[in-house]
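Take a look at these structures.
There are two complexes below, and they share chain A, which is joined by chain B in the first and by chain C in the second.
Moving on to the complex of A and B:
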């Protein structure tokens, strides 16, 4: 068929670009992961599945994965709650609403490394303002960056501070696009504000919420710059995320082949985890399958 | 229970737009009233004022004899069906219908019973577990109706519920709506811009223009004795014909002159306050205009040329231009301040036609010159300045 042939010719440039940008690096990483390329032997030899076998028994890698998941979960949950709260506040006409909308977007526009440096000053144990403020309430100084728990919390706080605005923008846009009629119907039906939120706003926002959560989950799981500038994964390895470990293995220790295998495992786990998560969340928020009770 | 009263209701929006202007209206218990008018006439705003979704700037709203201006929509005991149905998209049909009952904390057995009853009345039993997106327009409309009737409200407020449906379904659901009203006997206000819907559904019809109530009466009275030129032009399709005429005699034996012809009018067209020699607008429906072959020598006939014939079996609409250039044909739109070339649109501003509704079996030929005979017992006289019907209250 003439039409079919032309179709493929026209698609070819886009397909080639796709292969060059996405497929080739991916395939090359897989090939690298089967090699022993490191600082001593920088060549694309073939060592089979050795790197993968080593990764399976690499406790530090799995620890970093655990740290990452806990961090991502906390970050995204707080960002969602705060972002949705702020969006609900600024959804209806509020005095100086436009000013606040712009203000809330500012953190998102700042470079993560710059912000991490600023926050390192804020969290400084003796000179930082954070402990000063806590002392007003009689709370003793917190060793923000020198103890595991506080350091972990510091990373979460910075991420939440920076990316809540992203949730806020998406959710506010969603709220502003909601139809007016279901609200009027709820008013006539006699629903108060809480019931209207639970039975109208929240379900109507579910598709947008789902999209926002998934985007943030993907983004947060690449958390690296803040950790690099703030804690360098420490104290110990308490804030070491998988991305940061990959950076250490690949660009500090130059274990290129091994790092490639870690990347592939990390990618596979992320795809599986996010797919399961997105499906469960979708079923929970939108699908609600099964027998319906009124 | 269910009588609704409006006294001096006025709604001015913050930008200064007067949406509803001094409306007085009484709706009896169990009555089916239709609010009709062109877009932007304030009919939907008035319905929203009655529902409580909007607050009146001035005036008094009563329901069952109680003033309800400050009563919340929830406590008004009225159910509303929205133009696009406003179903909750994430809920099943059953949940949609039951929502108002759940909010009011009804017992589960009572909810099941009422939902079952509504589903039976509206033939929704098969659809109860479906979501709105899985339903057709007609089915969604029925669900919206079910959501309203399940509450056993004192009044139904229907905001153009049929306007999103195709013509065939609209006719079908119109009948269902009327049957449902007869079965439930609940006071119903139905808003529409479709005059056919208004005339077929309403016990009484309220016609609005630019926020003001023009006439509130039975469909028959609206058609036969319109209060003013707006109502005369709005009700009826094709629209009423209007020509300028001079009053020769007023009172019991009213006679008017149209060009060189004199027409003796029936008692319903008595000239009101206008005296002999005054100018009026003479209005007559297309079906009250007869025709004969030219040369009959009919006294009081208007000579006209057939310009266009539209067949709408079993009838035909004949557009004819008057031979006497001194006779001024007017359109309802230009008389009430709208566009002026509704009838003369085909051939420019100079060509103005009278429309006849005749049997499709007996039509004149296109281009033929004919005599038009106005049925003097079925005409209305309107004041030139105010547009009010001069004979209506004579």
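Moving on to the complex of A and C:
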């Protein structure tokens, strides 16, 4: 009995910190979302569900959500494929392997806003090196930031460049921790590299792949800094993601109450979507034997 | 008395006199601070030196270096040296200034004593700013401010912002290509008329098209017709306003450019606005590659670097292009024979619902917001803060700052409209100086001007406007559809904030547009 009391006393500081850092802001955001706090009315009044009703008819919000999902999907798929490929390359001993491992981590260490500014220069249509490089291969200059499609692609390229290394680290760590026995068995059975990959490596990597994908999906869905520094959501509305719109609505327009409601809706959708996605992927990759709880 | 004692007394006396000397000698502010002349008055270096703010401290929120951030940092350091007080300068990018000011204002916290931002935020800031005390309004520096910028700094008849800058959007161009005989002959052959500095957007489009996509200055690079600020969520709204003003601000109609003050119906989708936007959409074809993504930095770099023939934006690009190291220094001019920017032979009349015809182009100058700043009414150091402003914008400092393009300080006093100043102090050619000052004067005396919306929630109105305009510019929708979308959104915003609140605030803007007193606006 006494031990149990001590246990709770020791847990209390951590619980209080948790409440202060996570629970309170969340509850406060919900409360704000039920208020009409605006640039001209900085009061925590109560307006019921008006903000939520308004959000349902806010076409710009739903358009930004569509843009975000497409962008995130492309980013994460490319990051996974490239990250896995690089991890497989460096899994076996290669020359200067340690150097490459460090090199691949560098992009992840750079601040996204800084990189967006650098990439803006790279994508400059007349002065940037990207179009110069393309011209070596006879490819005409691409209007990277002035047409909707290329601008969208530019954002994806930057995200893939920056975060492939994250996928690479996780997957490489996973590969290095795989047991040797299944590979010895496959070798005895005469399996070639492709069959070994398909029937041994890929299934064994499924849990860590799932974890890596979920983490990147969550992180990518917060894509904002790159948009802010590179395209400001344009041209037109082609790169306006939900996070960027929330920034505009909240901190540029100062629609605090309404933005809080958008944030709550966004959070709810993300939780539901990621839960469904994780379960589906878990069934697909791991089957019923080893479900991963997310 | 022993000789040694006499000698010691003499040395001590000499040391004492030497130590006392600085107290009696006049400080040479000109040499010490690199100013041309210290003008007498309560804001002067000498008067500021006489103030003692030892133990006092103010915090200023201003823009990032260099634009406005650099002069604020420079003069704050000088103010500290002169008064013994402490001045903390916090820099932030333009996109963050609004929120950094509004959060403490709305939550009633005292964070900044002085805040900088767009002067068009005055509708949101007004409840939180301290009025400028009369003793500062009585200074020569304040009385010399042009009526337009006195108006920009005022709200409901009260001066709330301390004026130190005057911005405007106007037409500027590189002159030699217009004077080139070959260009003139080719242009005449192509368009059937003489090559001349354009006076309407239609002429502008022709000239810009003619000069787009070939190397007309012989530097081995391609040049283009026009550079403007088009990037979404940058300050592209200013270029949009300049474009539409020519077709939508009618000199025969008073009582509101943005809204009809009587009915509070948004005018943003009337045929004048639509025509202006259509012309702007068409302009992308004669802008440099990537022009749709040009912010103010790219515009200054592009036009100032000689990449395009013409531009219609802020003073900053022009002043920077007149810096000694500029490739187009003294080769540029501003304004047309009819006014600071392009005009139009037909302007929409929202009262009659028809286009009015004008024999000579009707010009509607846009007095672009410019920097605004004020003292927080929650500040406990208001006297020091106003003294800082007084010093910051004294004659000596302003005359120094005006000549440095990157500082972002632009003409705002009547004395700045003297071509002699620009010729003698800045080393401009007489023709450039006259072109510039005539344009400035034309803007100030015009009775058909456009100002920013300047009402509470202006950012909501502007971001809604520019989100839809950006879609039109990117080809996602037509000009009419985009502006209809804006009008619907503006109606919703006005309803949320309160139509009467917006109307009362908008009266301040209409007074500026029609160049009349606030009392005359019904």
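By definition in this document, the second predicted complex is superposed on the first by the 283 of 294 C-alpha atoms of A that agree within 3 Å, B and C clash if a C-alpha of one lies under 4 Å from a C-alpha of the other, contacts with A are read in each partner's own complex, and residues count from 1 in each chain.
The working rule: a residue touches a chain if its C-beta (ideal position, glycine included) is under 8 Å from a C-beta of that chain, and two chains touch if they have at least 3 such contacts.
Predicted, not measured: the structure shown is a model, and the values here were computed from it.
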{"item": "Touched partner set for A:238, first chain B, second chain C, both or neither", "value": "second"}
{"item": "First (chain B), second (chain C), both or neither touched by A:126", "value": "second"}
{"item": "Dominant toucher of chain A (residue count), chain B or chain C", "value": "C"}
{"item": "Touched partner set for A:279, first chain B, second chain C, both or neither", "value": "neither"}
{"item": "Partner chain in contact with A:145 - chain B first, chain C second, else both or neither", "value": "second"}
{"item": "Which superposed partner A:191 touches (first chain B, second chain C, both, neither)", "value": "first"}
{"item": "Which superposed partner A:200 touches (first chain B, second chain C, both, neither)", "value": "first"}
{"item": "Which superposed partner A:181 touches (first chain B, second chain C, both, neither)", "value": "first"}
{"item": "Which superposed partner A:252 touches (first chain B, second chain C, both, neither)", "value": "second"}
{"item": "Touch list for chain C against partner chain A, complex", "value": "95-96, 98-99, 102, 106-107, 124, 231-234, 288-293, 456-457, 459-460, 463, 467, 470-471, 473-476, 496-498, 501"}
{"item": "Chain B-facing residues of chain A, complex", "value": "179, 181-182, 184-191, 195, 199-200, 203-204, 206, 286, 288, 292, 294"}
{"item": "Of chain B, residues touching chain A in the complex", "value": "51-53, 73-75, 78-80, 82, 84-92, 94-95, 98-100, 102-104, 108, 111-112, 115, 129, 147"}
{"item": "For the chain A and chain C complex, residues of the former touching the latter", "value": "38-42, 60, 124-126, 141, 143-148, 151, 228, 231-238, 248, 251-255"}
